Amino acid sequence: MILRPTAALGVLALAATVLVPGLSARADTDTIVFGSPISLTGALTKEGHLTQEGYEFWKTYVNAHGGIKVGNKSYKVDIKYYDDESKNDTSAQLAERLIDQDHVNFLLGPYGSGTSFTVAGIAERKKIPMVEGNGAAERIFNQGFKYTFGVLSPARRYLEGVLEMAVHQKPAAKSVAITSASDAFSQEVAQGAATWAQAHGMKVVYDNKYPDTATDVSSVISALKGTNPDLIVNAGHVQDALLVQKGLKDQNVMAGGYGYTVGPDTPDFANSLGKDANDVFGAAQWSDAVKYKGEPGFYRTAQEYAKAFEAAYHHRADYHNAESTAACLAFQYAIERAGSLDPDKVRDALAKLDVVTFYGILKFDSRGLNVYKPMVVNQIQNGKLVTVWPAGLAEAKVIWPAPPWGKR
Amino acid sequence: MDGILAGGVLAIVAIGFSLVWGIMNIINLAHGAFVMLGAYVTYELYAVYHVDPFLSLPVSFVVLFAIGYAVQRWIINWVVRAPILTTFLLTFGLSLLIVNVALIIWTGDRRGIETAYSGTNFTLLGVTVPWVKLFTLVAALVITGALQLWLTRSKTGRAIRATAMDIGAAQLSGVRVARIYAIVFGLGAGLAGVAGTLIALSSSINPNMGDPFLISAFAVCVLGGLGSVQGALIGGLVYGVIQAVATSVQFTVGGQLISGSGLSDAVAFIVLLLVLIFRPTGIMGRAVA
Amino acid sequence: MNAALRSLGLSGITGNPVAFAVALALMALLLFVPAAHNDYFNLVFRNILMYAAMAYGWNLIGGYTGYVSFGNVAFFGIGCYCSGVLSTHGVDSLLADVALAVAVNALFANLLGRVVLRLRGPYFGIATLGIGVAVAEIIANLDALGGTSGLALHQVDEAHFGVYYYAMWLVALASMLGTFFITRSKVGYAFVAVRENEDAAAALGIPATKYKIRAWMLGAMMGAAAGAVFAPANGFIDPSITFSPDSNVFPIVMTILGGIGTVAGPFIGALILAGVNELLQRYIVNAHTLFFGTMIVLVVLLLPRGLVWLFGLRGGVRAWLRSLTAYRA
Amino acid sequence: MSTPLRIAGVGMRFGGLWALNEVSFTVEPGTIVGLIGPNGSGKTTLMNVISGVFKPTKGDVFYGERRIADVPTHAICRLGIARTFQIVKPFAALTVRENVAVGAMYGRDGAKRSTRASFARADELLETVGLARVAGRPASELTIPDRKRLEVAKALALDPELLLLDEVMAGLNATEVDEALDLLRRVHARGVTLIVVEHLMKAIVSISQRVVVLAEGKKIAEGSPSEVLSAPNVIEAYLGSRWAKRQAELRAIDDERRVALEVEPPEDA
């Protein structure tokens, strides 16, 4: 008998706690608060952490150097994170919470195209600018969103560098096999690669996808093996790169080269594969070999950035770190140029933005996409990630064709 | 061929899952988490003490058995007689718990094990066979055989089967059900651990690696027939083959090229459905009482 | 499954009246959420209502008829895509969306039911799990439906936002009252009879298959309606959103948590689970999933029969403590 | 109200074994027919054939002019043939009252009845069988005798013309048996034809007008109780059979033990 009212009350009480607006985390007036729903748990935890490092690294720098100047007042910056659990269907709620409960000034993008898309929709509705560095799927930018900007080169161009590099080798790659995970980003990458290859007289001998939840891709690989291509590329995420690379060795698939989108550039790749990671190509939005002279206000060259970053996080800065930092930079310069924190003014400033940074040029086309920055190609050469393409930035000669398995 | 080799792992994962479900009537959603733990046990032994993964097989079995035994004895046992959905919810909570503890301990980094033999392979009749996967398949066969023998011959094994058939009768004849349950659950976890070790060799390790295997375990153990050890083995192989075959298929519908590999799960489940329509209790399943 | 509900400690078909009253009161309370003029709360509670509707859908077949389905997400997903297709053809009417979704899924469930409802227990469960996976993967491979890139519906603007909330509220309310009236009608008794013992039910003149299909269809319609409202409200759908594991597992978990085979259970379960999850996500950013899991474990151990059972508990704390050992081996 | 049930050469095979073999007899409307035989003689199997649970391997069952051998259970029930189960099957999660009401909703006249009317009907029947006192309790809480009563009440709720009673008295003590017999007589008085399967010879003799004896799936005798019981082959079938021993035991042992006996699965079917 005692419990019945208790239960009723309990239910009501809980309903109330959720109902009653929580204490809004609106910070004091001399702080600019950014919000980001990000993958802290779930399948994309690693990628989420790389993104967060990129953001945090920028935050520390800016706050250490007097913050962002708006007019004649300097603001400290703060970033509020929520965990989207690597699920596309949770980020919407988190974005609303950041905007309505925590009253963040601006949004920094989550990791991944699916989540970025959802959040972009909300940013649009709430007229809160979002700059994202980790959602390359072009569909995000074909919706006519006015408040979403992406600092990275679009998905379809991810593998162009690798392909271009391959056709310039001796012997030149004449055929390519494309494997891809079934998620939106990977599919756009794969289509882009296929289109580029055909346009440049490369024969696409194999082009097939597998479910992005696959735990074994051996059948895809043995199918691909029959076509013995000069170049094998995979469009996917870190997990895919590891699966495919292991699979290729398992089945002793030989090709001139092996190219991946996300993967080789993250420390995990070499760490888990050891010698078998050697001679693999990774498409990258950025590498610490790029030679840009950025504007003042932040580390001006990739090299300075990389050095400071490694000191801070004890691992080499990969392009996820850099592009995330770049997203923050876009805001920093836009806010300074706008001379105001008004979302619309900042939005317009972003649209007009045209600056060179350690990461490359930050400039957005009418859709809000940064199509002005080239991709680079890295290769793992005996355990070390070196940039090999475009030729102008090459730190080392391309190793081509790759030596047989076991001899790497 | 790839299918059969891939099926080996699925089989080992499914056997444990199927045992627990078939004998204890518990759908163990934490099974995937146990697979993950098995992988990390192997990884730690390899990274810290440079123990060869194959040598760590028994270790991860024992460790996971212990974990499973404890979990059943002190947590699940409180509601083990409850309706299947209650334990379903419980194990759902447990898996969230385990995976996220793992995330705190090992972070989301993806790790891998590179040994002298990982990736080495031989060619047989034009088919390239990786040693590791072949071994996995053999392991699956051995485990099935041994388990089957143990269940039919050993005293404990008989007690387990008795319990599965009729708890009340078993108890009357002096079987300590709580203990039997703990053993079965431990066994399930132990096998998950073994699977984890083998997966660690051919794939990468991270706290969420277990989830994808759970779904296939579901399909496999029902395909083979609940609680049937050979069933799970056959189911695993069949499932693997179906997916492999699906991958090689391509067809066009309304001008759109549809590749079977994008549909491998769908195909696998549709086949499963057909099997169930003609054999409502799976390939090795007994008639429903 | 009959054993399952035998031990729910709930006598009578609609479960506990006190719990139902509380549920109704809370549902009424939720009508005033938009008054807060806060999109965040709109979204939070709209999702709670959405899950509640899906949970009611599951509860009809899984809870009342005893056929535990792991594939009801298929109905939600197809419901979403019905709205998606209409929207891409320039039809932006919630009524049309819901109508189409309900009709399509009723048909789909009916045809499907004729096949899968022949299976029993776990075999039915897995078959339905397969349906969820298969439908998702097939849609993901149809360029006509946007494939994995999904479909963008017309953009949601502030004005619409409230409308979607009320629409979802209506769907949830309809599902709750629908369940209430169904379960008190002859049909409801047929469902439970089938769940308790199919042979005995047949011996009482109940054509089991017919009623199984009805329960399955009605459940499908509820899930579909929820989907039809969710899609335009979210403005964008793709397979990873509409067929997400959450949309599949949460309704089941919520129903069990609240009380299987009761009218109040699914809604109270949804409110508590989603509510707690939201609070954890917000205040324990880095370890919320850990706490969430722990909470579920504790609830199962402390209230193995679901929250609603607490309302009907007689004999206070002592009875409760005694009940804890009821399921020990 | 005057439809005869005709069993015509029914055979039922399970695997290699003929559980029923060439069984034929007719049940005239308004009569009480006792069906007896040692364990495993096929009584319950025959119940299941008549009520449509099993489709006979051979032969036919006619209800009036209608072949019902392959009519599904629920349809047969709606024709007015109701049955009780030897192993009682209450809907445990429902109250006693709801259990009976379900019968009233889907039985022969169910279609015509509203939910309310069905509950009204249920209350009458609970009175008749003497369960009114526990109407609101979950069926799972009933004692064995009460479960038997509930089983009968559910069957009656179907407004049957013909009622098949499968061992409704097994496991009851002497006084309970008398109550049960009295109940059956009242039911019969309402014009319901009864087929009574029982182990208890005393009960059968006292209530049946005709008796059919099964042994190893064959009909070995049919006639009035007295002639059947004096028939040598019947005595042969029983004397020394396990049945005799079981009767001795039954008298000896106490209630719980009988409960235990009751819940052991049926030998046939």
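Letters A, B, C and D mark the chains in the order given here, with residues in each chain numbered from 1 onward.
Everything below uses one rule, namely that a residue touches a chain if its C-beta (ideal position, glycine included) is under 8 Å from a C-beta of that chain, and two chains touch if they have at least 3 such contacts.
The model shown is predicted, which means the values in this text are computed figures rather than measured ones.
Among the remaining chains, those touching chain B and also chain D are C.
Counting steps between touching chains, the shortest path from chain A to chain D takes 2. The central chain of the assembly on a C-alpha centroid basis is C. Between A-B and C-D, more C-beta contact pairs join the chains of A-B. The most distant chain from chain B, with centres taken as the mean of CA atoms, is D.
Rounded to whole angstrom units, the spacing between the C-alpha centres of chain A and chain C is 35. Per-chain Cα centroids separate chain C from chain D by 42 Å.
Work out the mean CA point of chain B and of chain C, and you get 29 Å between them.
Contacts with at least two other chains are made by residues 100, 215, 259, 262, 265 of chain B.
Residue positions of chain D touching 2 or more other chains: there are none. Counting partners per residue, chain C has 5, 137, 140, 289 as the residues that reach two or more other chains.
Touching pairs of chains, sorted by label, consist of A-B, A-C, B-C, C-D. Taken in their complex, chain C has these residues touching chain A: 18, 22, 26, 29, 33, 36, 38-41, 43-45, 47, 137, 140, 147-150, 152, 155-158, 161, 234-236, 238, 240-241, 244-247, 268, 271-272, 275-276, 278-279, 281-282, 285-286, 288-289, 307, 310-317, 320. Across the complex, chain B meets chain C through its residues 21, 27, 75, 77-86, 88-90, 92-101, 104, 167, 177-178, 181, 215, 218-219, 222, 226, 254, 256, 258-259, 262-263, 265-266, 268-270, 272-273, 276-277, 280-282, 288. The touching residues of chain C, when paired with chain B in their complex, are 1, 3-5, 7, 62, 68, 115-116, 118-123, 126-127, 129-131, 133-134, 137-138, 140-144, 249, 252-253, 256-257, 260, 287, 289-290, 292-297, 299-301, 304-305, 324-329. Every residue of chain D that touches chain C in the complex is listed here, in rising order: 51, 53, 72-75, 77-78, 82-83, 85, 89-95, 98, 101-103, 105-108, 110, 115, 118, 136-138, 140, 154, 157-158.
Per the touch definition, chain A reaches chain C in the complex via residues 1-4, 7-8, 11-12, 14-15, 17-19, 21-22, 40-41, 81-83, 85, 87-90, 92-94, 96-97, 99-101, 114, 117-118, 121, 124-126, 137, 139, 143, 182-184, 187-188, 211.
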